[in-house]
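Both complexes below contain subunit A, partnered by subunit B and then by subunit C.
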Partner chain A sequence: MASLTARVRDRRTLRRNITALAFLAPAIALIGVFTITPFVQAILLSFQSWDGISLETPWVGLDNYEFVFGDDEFWASMKNVAIFGVVGFFLGNALPLGMAIAVNRIRRLRTFFRTVFYLPGILSVVVVGVIFLFMFEPRSGVLNQMLDMVGLESLQQNWLGDPSFALPSVAAVFIWFHWGFGFLLFLAGLQDIPEELYEAAELDGARAWAKFRYVTWPQLAPVTTIVSLLTLLAALQIFGTVQVLTNGGPGSHTLVPTLLIYEEAFTNNRYGSAAAMSVLFGGALVVLSFLQLTIARRRADK
Partner chain B sequence: MVTSLVGTEKNGAAEDPSGDSRDQSPRPRRRRIRANRVGLYGLLGVAALTALFPLLWMLSGSLQTQDELLSGDSLIPSGFHWKTYVTAWTDGDLGTYLSNSVFYTLTAVLGILVVSSMAGYVLARVEFWGKGFFTFVILAVMIIPAPAMFLAQYRLLLDLGLTNSRLGYILILITSGVPMATLIMRSFFVGQPRELEESAALDGASPLRIFASIILPLARPGLAAVAVIQGLHAWNEYLMALVLFDDNSLMPIQRGLTSFNSAETPQQQVLLAATVISVVPVIVFYLLAQRNIVNGLGAGALK
Partner chain C sequence: MRRNPTTQSVSRPMSRRSFVWTAGSLGIAASLLLQGCGSGSDSGSDDGTVELTFMNQSRGQEAALNALAKQYTKETGIVVKVESPGPSDYLAKLQAKAQSRNMPDVYSSFLAVDMAPFYKAGWAMNLEPELKGAWGDQFAPGVVEQSAFIKDNNLDVPPGIYSAHWETQSYGLILDPARTKIDPKAPPKTMDDLITALKASNKDGKGNFSVASSLTPALIQQFASNWLTDQQISDTFAGKSSWKSDGWRKAFQLLLDLKKAGVISNGALPGGQGDNPAVETSFFNKREVGAIFDASAGVSVGKRTAPNYTDYASMPLPAASDATLAPRSPGVPGKGAVVNPRGKHPKEALAFVKWLTMPEQQKVFAEEARIVPTSKELLAGGSLPAQLTGFAAATENQQKVTNSLTPDVNAALTRDTQSLVLGEKTVDQILDDLQSAQERG
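After this line comes the complex of A and B, so read on.
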């Protein structure tokens, strides 16, 4: 008797397991074939030589890595993307946080500002690139024209062509494009802070700054972690915006790793060294997000 | 989290900035508060203008003549030169690109919804062998960034004969959306009541039937949030479209725009008009589905 019910239970467990795996199968199959396999293949390809056409892909050991480590363009692109990362990390947090606090304090037009502030975020990199390509145009571009109109000709620049202005210009476009996302998350986070905390702080005589420092900032910590991680990763993976605006130029002053990997493979037909770059750069990104998530978890546990 | 995003308007009414009647000197304080508020609206107005100006300028530029645009003198077009749009539409072959984009977006979103709701459901509700492992895998692949993969993805699709192929592109779009969509759906299913499916199971309904006729209809808000976010992603995808397509007749709009831009050097206002046309669907979608987009972004980022 007992063994019969046990057998029925076993069969039910088996059927439940099979059903569950069947439901999961499409997701696992897609991820296995189109994410995990290429991830492994990229590592293998980085030890091979391939021109993109031939069937032969001979093993070359560490040659690709040696080439990449000696490649000035690679290091230039890493330096540039680090600057994008730093700008994105700080401005990409501070600007949306400030704006979220401002919107949270007004009563009218909140929906309007929310709609408008996120609007750039729904555009594609190509659209953003085309718009700013025109706006930055040195002669007829609207930016220089407006400086001219208000009598500030001395501030006119060849925004995308001048080596010292190209990177800041592209970074500014990135911020314009991306800050709405952090803004939405911060605004939601602010509205989750219980009003009583502010009332208590006020009873303790806290002024605006103290309220921010001891209530708003600690309460927003989880949101800040997410926003900074996502903005940082977006800044480090910047590609389309740069490709359309400057294609890495002038020289390699705005070159970034993703664009370099693309060019190395599809223009120079050196897929092996492109793969080595993507392993090095992609690996750095993985380590970085892992670190940040670990720190975030430790902070949340406290 | 999600609900508070919707409740934006209510909250501010609680703090009445008109001041405290017990205040000893009400007038200067009130004046200072009003000045603060004017400053606040001024700041937000400048920010809103900064966000909108490039878009308005694009619209204005697309309606100017070539001479006006090249001289750069005016922010407002002298007349409305609608012909430019006709030229952009025909020369840029925008009909083809837009219908390709609509097709890719719809099929990718549909695929993501099916795959991720099934996976999210069992990860949330069913105890089975390897559950922890599969959950970990789905979380872990989200960390793998595009720069580490796109090259090898290209090579894989080349080996499979799926470059320059609608199927190949759609499979890539679906795969890139599945991990996050699965996590959103999982957290959605965790919060749903179990009674209905249990009584259906007692009535002898099959798991697939329970899922399709009971679980999915209840999950509509979650599915909507996933759909709008993934729809925007798919519509704006650029890197894989750049890598996979040589054949113009298969390109989505983002890829088509760059190829229009570089290939035949169109007049500038025509390029701007083509860009405006490519943006209109997504802005209309944003204004219509705004609430869902905002909720979906919050859900995606914080889950």
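After this line comes the complex of A and C, so read on.
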């Protein structure tokens, strides 16, 4: 009797698995064609030499990797993107969190602020770039004009042309462009925190900072994990904003790997070394993502 | 015992009706897909009409080219479709077309270094035999040679001529006489005089001259011609001669002199994807600067974006005070076309390009797009718009450099000139960088 029940259970499990696989088959096929295949092709291309046009793609072994490892510009771009990553990770989380807490407290204008803060996120990256090109323009740009109007002429800068300001300016645009996404998630997370927790904390005599430290922050852990991971990845993959605003300049002060890879492939017609750069940079992103997810999961488990 | 509803519904066999519906739908979808794939690269039509596709790079000539294509269709019955993806997307889209083996019948030529892979891969007809005949005679002397790839060129393109042009492009200054107090009829004789004039007219202290980072290779090449022959410049590009020679050092020093005099707008060179359009906007539209270094194509941009502003002139750059040679504009073949020999109608495509380069059509381009023509008849006619006369004069004394900057050197030069102007690098450091880039490329 027991073996009959087990056989029925096994058959049912098998049937369930086959059904699940049948449903997943189209997704597996699409992932195979559009994710795995290009990924494998990129790895193969990193061992080949190809100008993007000719029919021949000779194998060159590790030459492309050797070139990339010895390329100062690649490492300069990695350094720049690390700065973008740090700024994106900390400011890209702190600002939306602060905005979400502020908006969560008010009732009347909540919808207005929710809309306004999310507004940048619906714009195309090129539109954002063009808007800020006008804003940062050293002579007729809005920013310098406003400084002039309020008598702070001495603070006027060549925001995108001066090496000291170019990277912070582009980073500021990135934060502005992405804060709506984090803001919405944090706001939703805040609204999910049970009011009783705050009431209990108040009864224990907790003030604002203590309530944030012991109630809000731990309760937001899952949201913070997602927002920080996605903001970090977006900051590390920054491309359009840099291309439109500075194209990596002045000098190489805002050059990032994605832009360098694009130039290597489409301007220099060296698809092999562009693929090698992609493999190295993509690999670094994957490692970083796993690392961050592991740390965040441990924090959430606590 | 309760049965699992999900398992039950999935494991139920398909009914005959459902099977017929599913198979029928898949069949229709597959046939539509196959039909769609099959019609992608057809460049003819069922009624036997020949259809040519022209992929155009320039926005400035777009209107004139569209009008001429219509006229050609009317005259010959050959339909010409013009695609204009825009200057910044052009090369990437052309590459995508090459990768999908769906190249247009005719396409715009661009800088030699960018076009070389297409020529090497066989996507360009060698026009040399045609251009050596009567067709070539209609062009001004030197124009055809400018687009020729000589034996053992540094881009490894097989010797030949792969493009025909209706524009000869030169580089120089576009300036507003009122804002710079420079009389184009009595221009500054030396660079020192020019710097003095620009300094005197720099009233707001923010600089009265601008040049885009992407054009600094042409500016430096022009400066270098004060001390280097065309052969020496060409040898440097090919890696046969060093970047660390005095001629190049002095060329960068001239740019530094402009910076030290405080005449460079905002003390920096604009960069970014649209750096030259931004410089042109600052001159033609915002009138923030009185002089810019630009290619003759900038005049065409001015006509399109600020049609009412015509009070400006063009002039070649003056000589350096210690020049040992007469300075020469870099001069490159401008707007023109390449014929795809693997297209469906290469003969018809060649005939169309020949027609486009005839004086009648060149006149349309020159008038509508304000470009310097290549036809000797038009150049001798003296009927060019006033804004182009300085650029046209520069074409008479252009450099004939048979090799091109490698992409690595071009990128290093573009970035390093920004660093030089910002005071981050010295001239010697830049020359070291360029030499390294040359050796790497």
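By our rule, the second predicted complex is superposed on the first by the 271 of 302 C-alpha atoms of A that agree within 3 Å, B and C clash if a C-alpha of one lies under 4 Å from a C-alpha of the other, contacts with A are read in each partner's own complex, and residues count from 1 in each chain.
Heads up, the rule we're going with is that contacts are C-beta pairs under 8 Å (C-beta built on N, C-alpha and C of every residue); 3 or more make two chains touch, one makes a residue touch a chain.
Computed from a predicted model, the values in this text were never measured in an experiment.
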First, second, both or neither for A:Arg12, with subunit B first and subunit C second: second
First, second, both or neither for A:Ser140, with subunit B first and subunit C second: both
First, second, both or neither for A:Val244, with subunit B first and subunit C second: both
First, second, both or neither for A:Ser154, with subunit B first and subunit C second: neither
Which partner, subunit B or subunit C, touches more subunit A residues: B
First (subunit B), second (subunit C), both or neither touched by A:Ser3: neither
Touching partner for A:Arg105 - first (subunit B), second (subunit C), both, neither: first
Which superposed partner A:Asp162 touches (first subunit B, second subunit C, both, neither): second
Which of subunit B and subunit C A:Leu55 touches, first, second, both or neither: second
Touching partner for A:Phe266 - first (subunit B), second (subunit C), both, neither: both
Residues on subunit A lying within both footprints (that of subunit B and that of subunit C): 16, 19, 139-140, 244, 266
In the complex, subunit A residues that touch subunit C: 12, 15-16, 19, 22, 51-55, 67, 133, 138-140, 158, 160-163, 243-252, 263, 266-269
Subunit B-touching residues of subunit A, taken from the complex the two chains share: 16-17, 19-21, 23-24, 26-28, 30-31, 33-39, 41-42, 45, 50, 99, 102-107, 109-120, 122-127, 130-132, 134-135, 137, 139-142, 144-145, 176, 180-181, 184-185, 187-188, 191-192, 195, 222-223, 226-227, 230, 233, 236-237, 239-240, 244, 257-258, 261-262, 265-266, 271, 274-275, 278-279, 281-283, 285-286, 289-290
Complex contact set, residues of subunit B against subunit A: 1, 4-5, 7-9, 11-15, 17, 37, 40-41, 43-44, 47-48, 50-52, 54-55, 57-58, 61, 69-73, 75, 114-116, 118-119, 121-123, 126-131, 134, 137-138, 141, 143-156, 171-172, 174-176, 178-179, 182, 207, 211, 232, 235-236, 238-239, 242-243, 254, 257-258, 261, 268, 271-272, 275, 278-279, 282-283, 286-287, 290, 293-294, 297-298, 301-302
Residues of subunit C touching subunit A in the complex: 4, 6-7, 10-11, 91-92, 95, 98-99, 114, 117-118, 120-121, 123, 206, 213, 265-275, 278, 282, 286, 288, 407-408, 411, 415-416, 418-419, 422, 424-425, 440
